[in-house]
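For reference, the structure discussed in these notes is given below.
Order as written gives the chain letters A, B, C and D; numbering starts at 1 within each chain.
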Amino acid sequence: MIIILKENTTAQELNTLAEMVKSHGVTPHITEGVHQTIMGLVGDTTRIDIESLSQLKIVEAVRRIQEPFKNANRKFHPMDTVITVGDAVIGGNSLTLIAGPCSVESEEQIISVARDVKNSGAKILRGGAFKPRTSPYAFQGMREEGIKLLLEAKKDTGLPIVTEIMDLSQLDLFDEIDIIQVGARNMQNFELLKQLGRSGKPVLLKRGLASTYQELLMSAEYIMAFGNDQVILCERGVRTFETYTRNTLDISAVPALKKLSHLPVVIDPSHAAGIADFVSPLSMAAVAAGADGLMIEVHNDPSKAKCDGPQSLTPESFDKLAKKLTSLKKIMQED
Amino acid sequence: MIIILKENTTAQELNTLAEMVKSHGVTPHITEGVHQTIMGLVGDTTRIDIESLSQLKIVEAVRRIQEPFKNANRKFHPMDTVITVGDAVIGGNSLTLIAGPCSVESEEQIISVARDVKNSGAKILRGGAFKPRTSPYAFQGMREEGIKLLLEAKKDTGLPIVTEIMDLSQLDLFDEIDIIQVGARNMQNFELLKQLGRSGKPVLLKRGLASTYQELLMSAEYIMAFGNDQVILCERGVRTFETYTRNTLDISAVPALKKLSHLPVVIDPSHAAGIADFVSPLSMAAVAAGADGLMIEVHNDPSKAKCDGPQSLTPESFDKLAKKLTSLKKIMQED
Amino acid sequence: MIIILKENTTAQELNTLAEMVKSHGVTPHITEGVHQTIMGLVGDTTRIDIESLSQLKIVEAVRRIQEPFKNANRKFHPMDTVITVGDAVIGGNSLTLIAGPCSVESEEQIISVARDVKNSGAKILRGGAFKPRTSPYAFQGMREEGIKLLLEAKKDTGLPIVTEIMDLSQLDLFDEIDIIQVGARNMQNFELLKQLGRSGKPVLLKRGLASTYQELLMSAEYIMAFGNDQVILCERGVRTFETYTRNTLDISAVPALKKLSHLPVVIDPSHAAGIADFVSPLSMAAVAAGADGLMIEVHNDPSKAKCDGPQSLTPESFDKLAKKLTSLKKIMQED
Amino acid sequence: MIIILKENTTAQELNTLAEMVKSHGVTPHITEGVHQTIMGLVGDTTRIDIESLSQLKIVEAVRRIQEPFKNANRKFHPMDTVITVGDAVIGGNSLTLIAGPCSVESEEQIISVARDVKNSGAKILRGGAFKPRTSPYAFQGMREEGIKLLLEAKKDTGLPIVTEIMDLSQLDLFDEIDIIQVGARNMQNFELLKQLGRSGKPVLLKRGLASTYQELLMSAEYIMAFGNDQVILCERGVRTFETYTRNTLDISAVPALKKLSHLPVVIDPSHAAGIADFVSPLSMAAVAAGADGLMIEVHNDPSKAKCDGPQSLTPESFDKLAKKLTSLKKIMQED
């Protein structure tokens, strides 16, 4: 961390600041220039509050050199984190397909899709029970009933389940769910993150629509700081000025997050594009960029889906895509 | 709502679609072109799910003409909503100053600031008890204790209180709080919005960092649809590529939200800029643009504030600003 | 095109509008609702000025249904455009590698890099002679001398050349250049686009940092409307709130532009990321998403490059990447 | 400037780097930490190429402390720059209104509008002769003829003229034009900036749609580095995810640019909003925030304007706004 001091800082003020930072366990190094004096802080600055420093009268600016996250940081944990749920493995050198409908709609639907995606190679079943919808007048998901149907599908196919939690009060219902999904809108719902940290259950954490890599990793850090290191990062598109696609898939998130962190990185091409035709090219791109997995919406009858129909694949097109991905993964593993 | 149909839609398919929309209580009007057929829907389309329509095989695109919100819409409620809490009035042709520290830190601090801002003309006291912080290692607020101290300050000064809720589980603690604030990160925490709708208490709803006006109004609609029409909209800066300021204050939100909705619009210049020097010009700009109120951070000793110190005004500079705002408001009311 | 009319439009006003649009050769179709009347325009609306319509007193809003570009539109030209320069072919089902240094720096450098990238499979040599630099104090390129050295490298290796023009006044110097590059900052330099349209030479048109797909295609339309259909579209990253990477590569531009247009689409992963480590994963992603080509910075000594060194590959790493891309392309062509 | 070095940098490598920076006239100060070594550069770093440094093998990152612009920097030039054209003064403690139609359309139109805006207090006439239009099929301006008509209006009213240049080749036509406008799309047309620097004529430089304050000031620096310090900065809205307004007016640009630079700052509320109703509130906001001037579109018959009609004021509404602005300016000058 570097503190840039204002021009007319006195030696005494500088000294007081130096003592203060020492009390936080870091060592100050001072560089005096003609116009500018700089104090470099050496040591673990993770717990130093950059805003507290910035507000001091003698401080012009503070710049971080080290990342403010520690548990999620590859520098302190060079090996890939590998998360195992049932027969599925996420992270390391594997490619994990997570598939299923946007919303659970009926027992018949979820079991039919679950069997189909399992046959095509999916290792985890996704499906929404609690649905965050922009409009209060739109379908809000089957809720408790949806969770039950997902567990039926798990019993039927053996596939572990990932589904989204929308509020802490729903946590008890997630007992038998394998991976709890935190949606983009909840990425900075810090009370929820703390509780999921205490729960110890694998968490799939989606990047917020306008959240930086660092903010995503700080949210992962919340979960990890409260005792849970089973975190899967998920890029699902960010908000930009381009409106042709629903969001803009940030493909660089794959190499970037894998460089910054040891946590597995999964891509959701369905929500990013919002256009079924683009799911296949974006899935290929994600794996070619090094993603550990994909989370893809598959619906047995996309034209009748209760939400996000336009972005869902049919089981047939998912099967075709899965085959192409397998060929691609082989090339990727050749290095 | 307009449905643009694919080129080779048959007359029968068109007919089926027409019957379907009629069953939702709206009337279809068809325009057949050489390359394109268009179906206009006439009637109340608020409850029609645009995504369900988009996914139909024969549909190329769907465009909304009417806004998807109704309770919050000025078209159906032309008069300004005016919200009264204690002696404070928000909305209509008044200018309401909300002021106080970012965080409650001690009884002495909050009472001292409350008295100061009251003397300068503030009508409502703000102060954070539960603080959303990006880092799990940063100060998280005094929580329950902070709420108690805010109520002490209310007793002392008579000022009504606005403070932020971070999770539904905290709701009981907000019984005597006058206005519940929903932070930018929780703007689409729909379970929270529903419950606040049921609570009937005034809600100050902050716009999310990357949320459109329409999404903000849809979140207000959630609260209103569940029975609560006491909603104050708050613009606090959006996220852009510019990093010199913490966020980019979207000043056009004032005329835009007031055109689209009858709800009062308040500006938070402190969080938008993140720089104390800019609070005064941005406050003046907000009132000149027609804002109903301002929410400003004031700290008796900004250089020792536990959070957001750099953006807080001193009581002296707040007092000076309040005087300038009063002169400005006079001009604004002359029309 | 759909015109949404204001609520109290009279029959006579509506009639006048209908006559006006007929005079532009399109047919109006009117849908009258209780609150809203809509006029659909059927026919070629490319030349109708949406802003002229919007400003009419009786008009509330105008929405386009058809794209405003025609020459660049796949709907009117379903077959892929294929551009041939020397032995290189861009578009169709091929994968064209364009490689070379950011800046031409010396005869030795450009010829050495040209030979290296040719041996690795590059079909076109890139190299900057005129360099757009944010700072007036930074190296501005070798200019005329740089063009000469590029032509030396062409003579030596037979590789066709692509290099950037910065101003119309430089056009004469580009006589023997094979493909003229228009940089992101000049994407809407309309006078330049018109002249390049008249020139008939292949143009590589980079997407602006904050330009939509439609704006990129409208700039291509400028070139095409002035008589030149040899346009290559290039995505090179857009500007977002994320600052870890220099720009955010919009990988969805590949399927989106190929759906909207018949023009070839090339990706520049070097400028998008600004980090050499990410060039390889982003290149793989681009080809997996269906790109027709890649434009990659390669420098024989990146640590001494006069500009953009951090994002350049060494000839060795380019060679390794080219091999991986060849394996990937094979899978892509299997469908 | 601070150079953050990679972990295993040797003493010798560090020494070589230190010698190199000394050769640029700056003094290196080294801070060695356990994991990280930092080199602070003391002196004038304006001409040091941050990219050249970043690319060195031993360098992890480089951070600027000082701004990279010097001529435009308030630190080196604390007094406001005041620009005088004819009777108009821009900068200092005045408020300058620039008004006129988007496009020059006829002698009658431009003279009529010029007289009207002059009567209402405008000091400078604006009007487009060369019009940058997204579509090649839209009206491109009256070009040479438009310039002539502007000069007629100048003769008639005595108002100095500001109008946009689109290409260097048009420069000769601007001989009698008082202020040359560089549009948002040309903000980084560096060849144009250099030539305008050499011309010595006042330049109104619009901020690009996705350009940072620093980039805008670097473009001003281009003009100033080539000998012309008559630069007026103009904020006209940036591109964000919000589509209700055409662009998002960044009101913080006023205090920010005035803090960073001594150059006058003018706001264009017409282009920012794209909605005539918002021009008045945004104009008031701009002046309340401290802007030196406003550039407003006024058309005698907005519903027949050939471009940008929907955002133009009528002479009557401009007159009303000008009166309100005068009252506001009085308050602003009271401090």
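Keep this in mind: contacts are C-beta pairs under 8 Å (C-beta built on N, C-alpha and C of every residue); 3 or more make two chains touch, one makes a residue touch a chain.
Source: prediction; values computed, not measured.
Steps from subunit A to subunit D, minimised over paths through touching chains, total 1. Common neighbours of subunit A and subunit C, by the contact definition above: B, D. Using the mean of the Cα atoms as each chain's centre, the chain most removed from subunit A is D.
Rounded to a whole number, the gap between the C-alpha centres of subunit C and subunit D is 27 angstrom. If you average the CA atoms of subunit B and of subunit C, the two centres end up 39 Å from each other.
Distance between chain centres (mean CA atoms), subunit B to subunit D: 31 Å. Within subunit C, residues 210, 239-241, 243 each touch two or more of the remaining chains.
In the complex of the two chains, the subunit C residues touching subunit B come out as 2, 4, 27, 29, 31-36, 38, 40, 42-43, 61, 63, 65-66, 210, 239-241, 243.
Interface residues of subunit A facing subunit B in the complex, by the touch rule stated above, are 46-47, 49, 51-52, 54-57, 68, 132-140, 166-170, 185-186, 188-192, 194, 208-210, 215, 218, 221-222, 225-226, 239, 302-310.
Those residues of subunit A whose C-beta lies close enough to touch subunit C in the complex are 210, 212-214, 238, 240-245, 248-252, 254-256, 259, 272-273, 277-278, 281-282, 284-290, 324, 327-328, 331, 334-335.
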